[in-house]
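What follows is a set of structures to go through.
Presented sequentially are two complexes of chain A, the first with chain B as partner and the second with chain C.
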Partner chain A sequence: MGGTHGGADLESVAAGHSPVHRLDPRVKIVGLIGLVVVAVTTPTGAWLVFASVLAALFVLAAAARLPPLHVVRRMNVEIPFLLAAAILPFTAEDGVRLAITVGAKITIGVLAMIILSSTTPFPRLLQGFAALRAPALLLGIVSFMWRYLHVLADEVARMKTAREARGYSASWIWQAASGGPLIATLFLRALGRGERVYLAMLSRGYAGSIPEGLEVPLTLRRSDVFFLAGLAAMLVVARVVLP
Partner chain B sequence: MSVPPAFELDDVHFAYPDGHAALDGFSLRVEDGERVAVLGPNGAGKSTFCLHLNGILTPQQGSVRVCGEPVDRKTLQEVRRRVGVVFQDPDDMLFMPTVAQDVGFGPANLGLSKEEIRVRVEGALAMVGMSGAGERPPHYLSFGQRKRVATATVLSMEPDVLVLDEPSSNLDPRGRREFGEILGSLRQTLVMVTHDLPYALQLCDRAVIIDAGRVVTDGPIRDVLVDDELLQAHDLELPVGFHPDAIWAARARP
Partner chain C sequence: MHIPDGLIYAPTAVATGVTGAGLVGVALRKSRHELDDRQIPMVGVTAAFIFAAQMVTFPIAGGTSAHLLGGALAGILLGPWLGALVETVVYVVQALAFADGGITALGANVIMMGFLPAVGGYYFFRAVVGALPRTRGAFLGTTAVTAWLSIVLAALLAAVFVVTGGPLPVQAYPIMVGVHMVVGVGEAVVTTAVVAAVMRTRPDLMATRDLLPPRPTEKGAPAT
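Up next, the complex of A and B:
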């Protein structure tokens, strides 16, 4: 029943084995967010900094043996932002430099997050954020969303199949009207599901908070320390010396 | 002192907010270690009965006792440990990111130590034949595997009573057989709410038919299932060409 929605692909890539996959999730989160912060705070036109940060990301992606097509496809999310930046040459002073700088910052941010999410299985990612003291409530919501997106996506796939089996094709404009009922049905099913999940939680002694410490504990290894130290040194040099 | 009954419902009445009386003078006593099939047409009150067993719903009139203790606010957590409910759809029960976290959810709520939780998780997964699946996310498992893991999430709390709502629904024949073998190997008091009469006959010794919110028949399962008139009166049917004695004979073999 697995379903062929977008998430499955990301998860099979994230379940890979490479030196980057094996890094502690906390180290990857801190390192890659640090890298994004450095890129974002770099002044306009500091091309050497952007180039070196991008190079670092390429090295990471290569070390993680990420399929290039997988990365490029996921880069799609930045297209609207790049389009917004493309207005800059016509509206701002020194707009071309500004537009390229903004484009570089967006690309670096997106690429860093792709590498993070493509080398860390989602449960480990949640665990990493929890260990870094991200709010438990927020992580709980994200965790449930991730779990039930899969269930809901399968339900949508089945409903679409059932619709097509009765002669529906999305090619006619008047047929778009049946998208509404589908969404409404999905909403009602999700509501019912939510109630049943809550009953199941109560049945197993849930008393208001998700218990902690159920994961396999994280351990910082020598390679993690090397990675973080190396990345930090590189970022400091890029941010302080190069501009 | 003798062992108290696994649970005992006495003249329980329960109506939903829309006024529908789901349980209407429901009385049932099940002894420790019994295996009971609860049968009945849709809307007879089967699910409402299940939710009374672990205190999710409480009777508006009458009483529920689990292992001799009345179910009330004070005993609620203990009752939920003693009575494990396996819901029909395993996706309702598997809400944590990984199998191991899900199976450990109940024990962690009981306040057990990390080491105890680990032992419980491994034990429960071994009981359902899913050892080694601990780090997998639930949606990577087949339906039959998820059903087994959902059962493990309850077994890890070491319940005295296991309540299963439609255990065989949506399982393929092999999954159905494997799940039946697991259920057969457990030592808990077993309550099985089902429409699958051959499955009930295979796994249970006693059958209870409920209709319109109360128990209408209670007896040895073979005697209940050979009574065609009785079954028909409550919208129950054996599969075409099926005779209860076929399974009864198969059960008797060692």
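Up next, the complex of A and C:
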């Protein structure tokens, strides 16, 4: 069994303070997704483009003062795909160049999204997407999913405690059969609690969105404009001049 | 199974991106009237549950990683379009917040791991259950088969994307499909366990409630 994503760790890093954390979520979303699109559409073997995009990401990560270990640990989602790319030299024409190109694109995509999510708390990210006119129904599902993930994690912890109190030990293989009912019970308990949470939200004035005045409004500052303009200029230069 | 940036060619990314966006548009239009107040907790909990289930991944030799999908579960519990939207949300958040699956491969991921199992799974499920006698065994048996098929077919489509629309060699087919025939058993067990629990306690919240077997009623009790 492989790794998990480590959500709690992510939330504490995203709540940090740095010039990158302070940027408006909208410019980070647009800027970093734009950067990934530019990298993905870059032709095979355009090493200078990949190098300059990676350099820009390193500068951002450093400016955000992200703990290197946090970044490296989260980058392990790409390991299976790098292994897949590593067989290309044996199977494709001009495979070495192709493999390095694919590896560079995967790394750029993963690093960009790590920087976005590690410097923007989840509610701010949602606010940014709402301001960018993402469909309200999708945002509603996202916000409830995020809320209920914590409910779910909490229920798991409670059920684990209860199960251990009844003599369960993960090391006894014959107790594994209790896994199926456990998952079903977890779902029902989370559903029951989710309904109570939702009623509590309704009673506190929730009507499809957070009541006005409770969220810090989004404002484009000069640093946001500089960031986006600088990144766009760098991407245009890299994509048009360097290949 | 999440395809990262760069593992499909740019034209594939554009084609799947446009198709995926169109499908999401259709799903949004179809579910606008479906989502009522009572359903919101069910949608949120299902999304959170699928998100959490997908966090447990198994690395596969020669390529990618395997995990549960939950698409058939979402389709059977929430209906095809709302189910597909829940899956879409899971993949968008995974791509943005966890760098799992590429931003430019989002269309491909949403089509194969969201719409295929949720919409395809839902209609397959409806067709089969409709043809069978209305019993608990038929309902849950079809659930298990739908879950298994949905993940195997999704793996097949993933292989089409990375081989035909990307740089990987044809050996990806047997690896992806073979591994997911095994993972599919886990998918079937979990999906069936959850569907069985919901149909026992909260059948009123299920999108497929019209297909449920009649509940055993106590003798003499007025039918409700």
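Note that the second predicted complex is superposed on the first by the 211 of 243 C-alpha atoms of A that agree within 3 Å, B and C clash if a C-alpha of one lies under 4 Å from a C-alpha of the other, contacts with A are read in each partner's own complex, and residues count from 1 in each chain.
In this text, a contact is a pair of C-beta atoms (placed from the backbone, for glycine too) under 8 Å apart; a residue touches a chain by one contact, two chains touch by 3 or more.
Here the structure is a predicted model, which is why all the values come from computation and not from measurement.
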item	value
Touching partner for A:S203 - first (chain B), second (chain C), both, neither	first
Touched partner set for A:V216, first chain B, second chain C, both or neither	first
Partner chain in contact with A:P67 - chain B first, chain C second, else both or neither	neither
Chain B versus chain C as contact partner of A:G230, first or second or both or neither	neither
Per-residue contact with chain A, leading partner among chain C and chain B	C
First (chain B), second (chain C), both or neither touched by A:P123	first
Which of chain B and chain C A:P19 touches, first, second, both or neither	neither
On chain A, positions contacted by chain B and by chain C	1-2, 122, 144, 146-148, 151, 197
Complex interface listing, chain A residues touching chain B	1-2, 11, 121-123, 126, 143-144, 146-148, 150-151, 193, 196-197, 199-207, 210-216
Contact footprint of chain A on chain C as seen in their complex	4-7, 10, 13, 24, 28, 31-32, 35, 40-45, 47-49, 51-52, 55-60, 62-65, 85-86, 88-90, 92-93, 95-100, 102-104, 162, 167-169, 171-172, 189-190, 193-194, 196-198, 201-202, 205
Contact set on chain B toward chain A in their complex	51, 54, 56, 77, 80-81, 84-85, 87, 89, 91-98, 100-101, 104-106, 108-110, 114, 117, 135, 137-140, 142-143, 153-154, 157
Chain A to chain C touching residues, read off their complex	1-5, 10, 33, 36-37, 39-41, 74-75, 77-81, 83-85, 87-88, 91-92, 98, 101-106, 108-114, 116-117, 122, 125, 135, 137-138, 140-142, 144-149, 151-153, 180-181, 183-188, 190-191, 194-195, 197-198
